[in-house]
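Chain lettering (A, B, C, D and E) follows the sequence in which the chains are written, and residue indices restart at 1 in each chain.
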Amino acid sequence: MPELMQYLLSGVTVGAVYALVALGFTIIYNASDVVNFAQGEFVMLGGMVTVFAYGAGLPLPLAAVIAILVTAAAGVALNKLAIEPARGAPVVSLIIITIGASIFIKGVAQIVFGKQLHRFPAFSGDAPLRVMGATILPQSLWVMAGAVAVFVALWLFFTRTLTGRAVLATANNRVAAQLVGINTNYMMTLSFALSAAIGALAGVLVTPITLTSYDVGIALALKGFAAAMLGGMGNPMGALVGGLLLGILEALTAGYISSQYKDAAAFIIIIAVLFAMPQGLFGRKSTDRV
Amino acid sequence: MSARNDSAPLLRIEGLGIDFGGLRAVNDVGFSVLPGEIVSVIGPNGAGKTTLFNMISGIYLPGRGRVVLADEDVTGMAPHLLARRGLSRTFQNLQIFQTMTVLDNAVAGHHLHERGNVLADLFCLPGSRRRSRASEASARALLDRVGLGRAAHHEAGSLSYGALKRLEIARALALNPRVLLLDEPAAGCNAVETEEIDRLIAEVAAEGVAILLVEHDMKMVMRISNHIVVLDHGEMIAEGDPGSVSRDPRVIEAYLGTQATEAADAER
Amino acid sequence: MLSVEGLRSRYGRIEVLHGIDLTVGSGEIVTVVGANGAGKTTLLRCLSGIQPVSGGSILFRGETLTAVPAHRRVARGLAQSPEGRQIFTNLSVEDNLRLGAYLFADDRVEKDMDEAFALFPILKQKRNLSAGGLSGGQQQMLAIARALMGRPSCLLLDEPSMGLAPILVAQIFDVVKGMRGLGVTVLLVEQNAFGALSIADRGYVMETGRITMSGPAAELVADERIREAYLGI
Amino acid sequence: EIRIGATLSETGGASFLGDPQGKTLKMLVDEINANGGVLGEEIRLFMYDDGGDPNRARTFATRLIEDDEVVAVIGGTTTGTSMAIIPVFEEEEIPFISLAGAIEIIDPVRPYTFKTPHTDRMACAKIFEDMQARGITRIGMISGSDGFGASMRNQCLQIVGDYAIEVLADETYAPADADMTPQLTNIKSNAQIEAVLNPGFGQGPAIVTRNYAQLAIDLPLYQSHGVASDGFIELAGAQAAEGVRLPGTALLVADLLAEDDPQRPVVEAYKAAYEGAHATPVSTFGGYAHDALRILVDAMERAGSSDPQAVRDAIEETSGLVGTTGTVTMSADDHLGLTLDAFRMLEVRDGAWTLVD
Amino acid sequence: MRLPPKYTTLLVLALLIALAPFFFPSSFYYRVGALIFVNGIAVTGLVILIGYAGQISLGHAGFAGIGAYACALAPVHLGLHPGAAILLGAAISGALAWVVGRPILRLQGYYLAVASLGFGILVAMILTNEAQITGGPDGIAVPDLGLRPVLRDLGLDLSNAEFWYVFSALALGLGAWLALNLHQSPTGRALRALHGSEVAARTVGVDVARLKLQAFVISAVYASVSGSLLAQMNRFVTPDVAGYMHSIEMVTMTVLGGAGSVLGAILGATLLTALPQALTVFQEYEHLMLGLIMMLVMIFMREGLLPSILRRIRGRSE
């Protein structure tokens, strides 16, 4: 029994990491139908900038805030310099731009930050907490809290604010959005800034657990993407549940079946779920009629 | 009217219905269309006309009832199988192959008749080439017929709304259908253009095609229909020849409105 | 109110508007009629700013609009009900309407919404459903209602009667006529030329990207050429 | 000038290995040239980053030979890239010194292929010897599923029988995994296990070590030479890393070496130079490149020529060359030339590497 | 007389391939050329899937992996001739695509992308983990195709690089010809039609599920052959060939060049294969430059290299 508990705690820890990354995809996707392949790089930037700001002697919270701001600025720059000039391009082209951006950001990080692994201290120490015979690190609780907080914020944003709905409208029909007075460029900028900030926050929270280096982005983005799809792309609830589910699945497979094939199990389940629910767990079918 | 009973119907609908959530979008609708006949379905917005089309053409799975195409029960059959049985349609919300040329759009409508084998197509075997050429020729003729001959090589996405409507008709005709479903073919066309479409539809019907038409342009409907079915809130509230339907008080109240009827009368 | 001079516009390399001159006076209802592909939709798109202009000028309330982006034109009082309806299919009917008043956050929004619902009761019934599930005509109502939510001083309507049942067509024309009383200027593009001309003050006839005729609506209705080419009488 | 080529994994999954290797080569070549070069000629280094992709490595190998016309090549950071390019050098008869661990590279011996790192098998042997000495007979393994981890796991499993040690648990983790507690829980719940071995490099071993402490597993933990650097202690946290053992090279404990240790001057010089030029601490892997270049230069000087054939013959005759990894003495049937004492068993004590005696 | 676009494309391709060697400074460039062609084959398959049918796959490297490992394993374990191993790989890939395609292709857009991604990862994972058979992450040697000695006996003595340049060029030519045939054929038109509107395609009689599956299988065979050729050219293969980075690279090549056109996609393959070689002069700035160039191409040539270039040329001539 304590084993099961330990697997679950591990799963929730990892799942919260995936969920945070998956949540980051949500806003840009909702504003433009683009899955931003550079999202993982935002996570990396969040962690890396914190490492260096902290290393330069700043207190950790300040370093984290700086990292989030810097990354948000990078998101804005990405939109202004690469996405906005390509306005009207097909969605696949925009995706390739984000892939290019991801390679570019990684290339810059490699030069600026070097190729070493880094970490900074956990927020509340490393003393494990005991839960029903299993243990969990306090930092995992931070990550979970972060995921839940971002989820709630996003959920409120999309369901309770006019701006949130304007973001959705921008993706749904850009021309119509302009016709009702929505500044679609601003919505895109805003969504890149927010997505990048969420990514950076994820980086800040998870780095004490996962460590960071210039090239952690891709692996995180991949799992975050899979989690978001499992839950239903664009839906904050889907990102949260998808992430946690993916993490728990992996942990249980590693624990009970085979650690070699834990990623395989995760993807098989994703495919199986999509087979039954082609829009993911919480995704809504779009209702375009003929 | 009596002629209706003479030959066997090409399309027969019996007790058709479907619900969306709690909404009875269509309920217990039944009628039939004979070869060469033009049957119009009219009714207020949201009455269930398009939904009815979607059920007949296999896009929605009917919740109740049957669709019979030339004596075969085709209820719930996949659209491409229905197409192979000669059922063809146009859409109220345009469904154009945007990035293909106008000609290719029409040729695609002819797909059934040039359907070959992938391997033959991959290796460009003579049969495949011959079929392609034949469909192209007939597609061109159709484009000329709907007045798009000159736009054949334009990208379909660059046409105006009215032109796209006509392209859809051409594509539907390319199938050489036995039954043709037209959902508001004259929307976006002015009176003169509508008359052209009228003529086209009448011609096609004269060739023996059974035509089911949804249209809000009452002048057109009254002009060309052999038979009219009126839906309201998913139910059939009236049916009959144009004259009787247009005088039916329930139809006037639910759909035509007194003003419109007066205007039409005045014009006449 | 609105004056257009020598307006040119192109899709890629193909010019489709070859110098349009047109004026709409304050509180006036002006209609543009023309065959499929004449360029009516393109003209309205230019006016609302979602179509780039390659020449000429647009003056709205004395200010030139040519360089103003689409979303700012809405703030200046220009609203459009576009061709093809262009509603937000993934959002609810209510959200569609609310976004129509995106620029406003006062009590009047509620009131306007109630008015829209009064105008099209079916929308009220479906307010919480996703707009993509509406029937074609219902979507058309939504598009018109959404444009009205923007409190326009000048309303651009692209074939508002399309797909509407006769009873509603009459109602739409009544609404447009009613705009005159509210001081709203209307530029109306209609295929139902007879209906449009009978409520409009003035009309323009457009052929392949050019204005070929213009005058008081009553005169145009009476014009033989127009009756033959557009009214089918 | 003498043209020397290198294809390294400076980026990609193996960049922990390839990056210090690239930096080392550049630094040393500059140093050699500043001191008058080799045989009176300047060395020109053609270095490419294959990103760990064997296909790219193969392309660069061809490029080095055909386009850059080099006389010898150092590289192949990983076993995969090395194995992919060996046929090119064998066919073109260009001496090649690999920096990767697997034994397949030099066993069977190929005429033009050499390597500097001790094999993974030797690392396993060193660890098992140490376990034997401590009376450990039943162990659990948790390995990275990347090339390094998988290859070492494989070789350890092959020789573990020779030491009368039994592997009771055999877990793996993917290179980017964030938490290894499920695997470690499985190991922990097997009461018979007396020690745990973790072949791997990158962040994996650091996370394993942290999770190990989190689960309060009270058994000796062995890491591999894949994490032999000061960075490891920092990443894993001094507390969690306390007591971790691994087979390392002299480089890591330069200051702890005996005064008369022949390697001491070599490793001290390299360490000083490297840490002077770069802000990062030296790593074992950079040392491999250091040794490879030294072997090459030594061979050229002895051969008195940079002709590939002559250089190859001279490399094979390398004898008593002191490198960072150990003292290299090659022969026609030993293209590695290292013995087990090249490895030193190290242990983390009070947050620093110490020699286990 | 004007040539139909199909022959124009093939002619341009043939000319480029035949003339390029005259500009090669060293025989290394044959290797780059051959790599371009091998990538070009995979990318041509993706033109059918992405460009014609509008279905995204992020898992095609999985098929490349199957093709590659068929060449490594079949000759050893089944005693198959290496040439036959290519066919075996293609057959397995095709069959597997047919099996997994059925459920996967019901999905759309990103959901299809993630499902195919999962498939690719599964293949890569098996190749990595089943080390006893596949050699694990460090890879495995591949037997030689053995065609060079035959050619030598026939009096055609080509170096290894030259041989692969010619051989893969022929394979690419064949692949391109087939894909171009398909474009103008009923099947190709139906594929493009379902790209435009699935509903409308259905109602004109297109069996959408079946057609998508066919496109998926065909593109899988292309990817498989590409993987096979890569393995035999390198005489060595690692699971990287099946990795998702390779999948993403293939899709990127396709879109960058212009997904709808065979020549365009091959141009994309050329760019992304040759560019890293050119960028080595920037040393550690290599990746940064690569990312930058990808972004710039897509920003300024949003439909992909070739379509945008053609548009510009036509625009000027008018």
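Rule of thumb we're sticking to: contacts are C-beta pairs under 8 Å (C-beta built on N, C-alpha and C of every residue); 3 or more make two chains touch, one makes a residue touch a chain.
Bear in mind that the values here come from a model prediction, so they are computed numbers and not experimental data.
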Can you name the chains that touch subunit C as well as subunit E?
A, B
Most distant chain from subunit A, judged by the mean position of its C-alpha atoms:
B
Separation of the C-alpha centres, subunit B versus subunit C, in whole Å, is 29
Roughly how many whole angstrom separate the Cα centroids of subunit A and subunit D?
35
Subunit A-subunit B separation of Cα centroids, rounded to whole Å:
47
Which subunit A residues sit where two or more other chains touch them?
110, 260, 263, 288-290
Provide the list of subunit C residues touching at least two other chains, using ranges where the numbers run on.
133-136
Quick check on subunit E: which residues sit in contact with 2+ other chains?
129, 199-200, 284, 286-287
In the complex of these two chains, what residues of subunit D are touching subunit A?
10-12, 15-16, 19, 145, 171-179, 181-183, 185-186, 189, 202-203, 206-207, 210, 213-216, 231, 234-235, 237, 239-240, 279-280
Once bound in the complex, which stretches of subunit A touch subunit C?
162, 165-166, 168-169, 172-173, 175-184, 284, 286-289
Can you list the subunit A residues touching subunit D in their complex?
3, 6-7, 9-11, 13-14, 17, 110, 114-119, 126, 128, 135-137, 206, 209-211, 213, 215-216, 219-220, 251-252, 254-255, 259-260, 262-263
What residues of subunit E sit close enough to touch subunit D in their complex?
25-29, 31-32, 35, 128-129, 131, 136-139, 141, 160-161, 230, 234-238, 240-241, 276-277, 280, 284, 286-287
Which positions of subunit B touch subunit E when the two form their complex?
57-59, 78-80, 82-84, 88-89, 91, 95-100, 104-105, 107-112, 114-116, 118, 121-124, 128, 131-132, 135, 156, 171-172, 174-175
